[in-house]
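In what follows, subunit A forms one complex with subunit B and a second complex with subunit C.
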Partner chain A sequence: MLRDLVFASLLIIIILALTYLTYSGGLGDLPPRDVRVIASNYLNLTYNQGITWLWAASPEAVTAIVWDYRGLDTLFETVVFYGAILAALTLFRSVSKVPEFVSSAGLSLVVKRVTAIVTLAILAVAASTALHGHLTPGGGFQGGAIASVAPLLLLVVFGKQFFIERRISYSKLLTIRNASLALLGFTSVALLILGFLTGFQAYIFQNQAKIVSTLSYPPYLLDVPLGGSLFFFNLFEFLAVASGFTLVFTILLSRDETLRKELEGEELGY
Partner chain B sequence: MDIELIKFMFMLTTISLYFNVAISLYGVVSKTNLVKKLIALTIFQDTVNMFTILIGYKLWRPGLLLQPPVLTDLSPTSETLREFVERSVDPLPQAFVLTAVVIGLAVTLFLTTIILHVSYHFKTVNVDEIGRSKRVYIHEEAV
Partner chain C sequence: MMDYVDLVFLIMGISALSSVLFTFLTVKTKDLMYAVVFSSVQSVAYALIYFLLLAPDIVLVYVAVSVGIYPLIIILLIKKVGRYEVVT
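Showing the complex of A and B:
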């Protein structure tokens, strides 16, 4: 109890100090009068047809930063995402090998019909968010997170039987996820490989042509901006995120006995 | 609308976010239930993300229309680009938060599976009880 009290009073003192510092201008003007120089550079260059050796061919500045200007950062963040999902799957690794024979009928007919309609809408919104990520607010991460809600809903409303009947298995989802992550990696080095083969100079994570390297992803698809590699990154990230989350949701919603099997034969205590 | 009022509201929001951080940290440290710790941790994550978005915002002034960092004109002239840079809010914090949210969700799922494991193993999610049962076991082993 005393420990809690000391901690709470410590937090209150820290808040008061931070409040005083913020109020006296510690964070500068709040909100700032103008964006930082680096941000206005990004905004100016992202779809500047006059400076095509520095542009990202994407009217959406956030996607341009995420997958072009700071693309390597995002690749490593994707690795963190990959690792977290992998760790979660490893903790229940035997669940994937146990074939589940369940006969759950799911919820009532009314809920099922409504869910069927809503699921279609969710998937449509997710696909539009991901595939138009370089034109409108959104991208692969958001689209994947939206799309993973659909299988979660289906699992709850239709029961796990629904997935088993349609042969949406653990290994298939894992394959989709691994393949899309591999393609994501390939997209980042595709121009480099092409450069090696054709004798041109290119960089890792190159999107549009630069002054010293003329290789480039196509900036347009039938007069609609494609964003070069941004479209492919968004697409593969969408698949990876959606299938990764679906995998973990499938495991978390397994039967209790299946999950308990994981601990069989283990000694007491970690 | 008055600019001073907007500034005051921003200050208020910032300070309320400090309170949010403090409350969620208190939850992470002092709650003994692992699930409650996890909930406090997600509140902490979201507060920090919110804070990051907030500092990328821009002060509204009369005659200035703020817009998200998305160019709507697909064949922009230098005039439209200048206007876009003037109107748009900072895209950089949004780009940081974007990945942080998904990684946060993945880490939350990972922690959920760990807590599930712990609850099956120890038949409780109370950290004090888990610590006690481990101590008993170690004592038995020593004897």
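Showing the complex of A and C:
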């Protein structure tokens, strides 16, 4: 009882302190009266057709910053994320090879029908989030995270048997993931390679033409802004995130005995 | 007189306070399934704040992870360790 009281009063004190700091102007003027200089620079440049040597050809400033202006930062974030997934896959590498003989019938018919409809909706939202990432809020990672909820639901509701019958295997997902990551890397250096072959100057992570380097990804597809490399980055990131998450879920939803067998002997140090 | 901006900040304040309430319930409850649900409600309150702060990019990934992926992973964990927290 005393512990509860201390815990509750501690929470209240922290909230009051934060409220006081915010109210007395700790975060500056709230709501802010003007846009910060760095923000206004990006907003002015990202789709400015008058200054095409500094633009990203994308009306969505966030995606432009994430994959164009600060593309290298995002590359290293991606490396960290896929390193984590790679570690999980390596730790349970033999789990994928153990065939599952448990044929699960899944949940009831009502749940199955509802899940089938919802899965379609989730995949549609995910695809539109990822493929319109250069036009509307969203992007590859967001779309991939949304899309990975669909296989997770299918795994729980229909059982693992559903995936095996449809030949969606571990190795195929791994191939999709690896191919998407390779294409993601290739997109970042494609113009560099093209420049090397044709004798023009180009940069790593170059999207649109700069003053000293005239090579460029196409800014428009028909009359719709394409964002140059942003579209390709979003597409490959979407595929890589969705397949990577699905791989981890298939391992997590394996049988308990299989998972435990993999970690046996860890307490002895080998 | 209450204008539009004040209303937005009021809703943000209410969701921030309710998120604290649900965090408290998450920590306090002994039934871990309820703890997952409370935690998800807290995440929804945060998602609303992000949306009102004009960060729709964050909302899109935050909702998918905090209401979809994270509770399901925690439920898988609960399936392995047992539903009720045992006080010794």
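Here is the rule we go by: the second predicted complex is superposed on the first by the 234 of 270 C-alpha atoms of A that agree within 3 Å, B and C clash if a C-alpha of one lies under 4 Å from a C-alpha of the other, contacts with A are read in each partner's own complex, and residues count from 1 in each chain.
Assume a residue touches a chain if its C-beta (ideal position, glycine included) is under 8 Å from a C-beta of that chain, and two chains touch if they have at least 3 such contacts.
Keep in mind that what you see is a predicted model, and the values were worked out from it rather than measured.
Undergrad: Determine, under the contact definition given at the top, whether A:Ile164 touches first (subunit B), second (subunit C), both, or neither.
TA: Neither subunit B nor subunit C is touched by A:Ile164.
Undergrad: Can A:Gln49 be said to touch subunit B (first), subunit C (second), both, or neither?
TA: first
Undergrad: Go through the superposed model and pick first if A:Leu253 touches only subunit B, second if only subunit C, both, or neither.
TA: The second partner, subunit C, only.
Undergrad: Is the number of subunit A residues in contact higher for subunit B or for subunit C?
TA: Looking at subunit A, the partner in contact with more of its residues is B.
Undergrad: With both complexes overlaid on chain A, does A:Leu123 touch subunit B (first), subunit C (second), both or neither?
TA: Neither: A:Leu123 stays clear of subunit B and subunit C.
Undergrad: Looking at the overlay, what does A:Val156 touch: subunit B (first), subunit C (second), both, or neither?
TA: So A:Val156 only meets subunit C here.
Undergrad: Contact-wise, after the overlay, does A:Leu192 reach subunit B, subunit C, both or neither (first, second, both, neither)?
TA: It touches nothing on subunit B or subunit C.
Undergrad: Under the stated touch criterion, which partner chain does A:Ile146 make contact with: subunit B (first), subunit C (second), both, or neither?
TA: A:Ile146 sits against subunit C, while subunit B stays out of touch.
Undergrad: A:Ala88 contacts which: subunit B (first), subunit C (second), both, neither?
TA: In the superposition, A:Ala88 touches subunit B alone.
Undergrad: Regarding the shared-chain residue A:Val111, is it in contact with subunit B (first), subunit C (second), both, or neither?
TA: In the superposition, A:Val111 contacts neither subunit B nor subunit C.
Undergrad: Of the residues on subunit A, which ones does subunit B touch that subunit C also touches?
TA: 4, 7-8, 11, 15, 30-31, 62, 137, 139, 141-142, 145, 245, 252
Undergrad: For the complex, which residues does subunit C have touching subunit A?
TA: Subunit C reaches subunit A through residues 5, 9, 17, 20, 24, 27-28, 56-57, 59-61, 64-65, 68-69, 72-73, 76, 80.
Undergrad: Touching residues of subunit B toward subunit A in the complex: what are they?
TA: Checking each residue of subunit B against subunit A gives 6-7, 10-11, 14-15, 18-19, 22, 25-26, 29-30, 54-59, 68-76, 78, 81, 84-85, 88-92, 94-95, 98-99, 101-103, 105-107, 109-110, 112-114, 116-117, 120-121, 134, 137-138.
Undergrad: Write out the stretch or stretches of subunit A touching subunit B in their complex.
TA: Listed in rising order, the residues of subunit A that touch subunit B are 3-4, 7-8, 11-12, 14-15, 18-19, 22-23, 27, 29-36, 38-40, 42-44, 46-50, 59-62, 65-66, 70, 74, 77-78, 80-81, 84-85, 87-88, 91-92, 135-137, 139, 141-142, 144-145, 224-225, 241, 244-245, 248, 251-252, 259-260, 262-263, 266, 268-270.
Undergrad: Quick one: which bits of subunit A touch subunit C in the complex? Just the residue numbers, please.
TA: Interface residues on the subunit A side: 4, 7-8, 11, 15, 30-31, 62-63, 129, 137-139, 141-142, 145-146, 148-149, 152, 156, 245, 252-253, 256.
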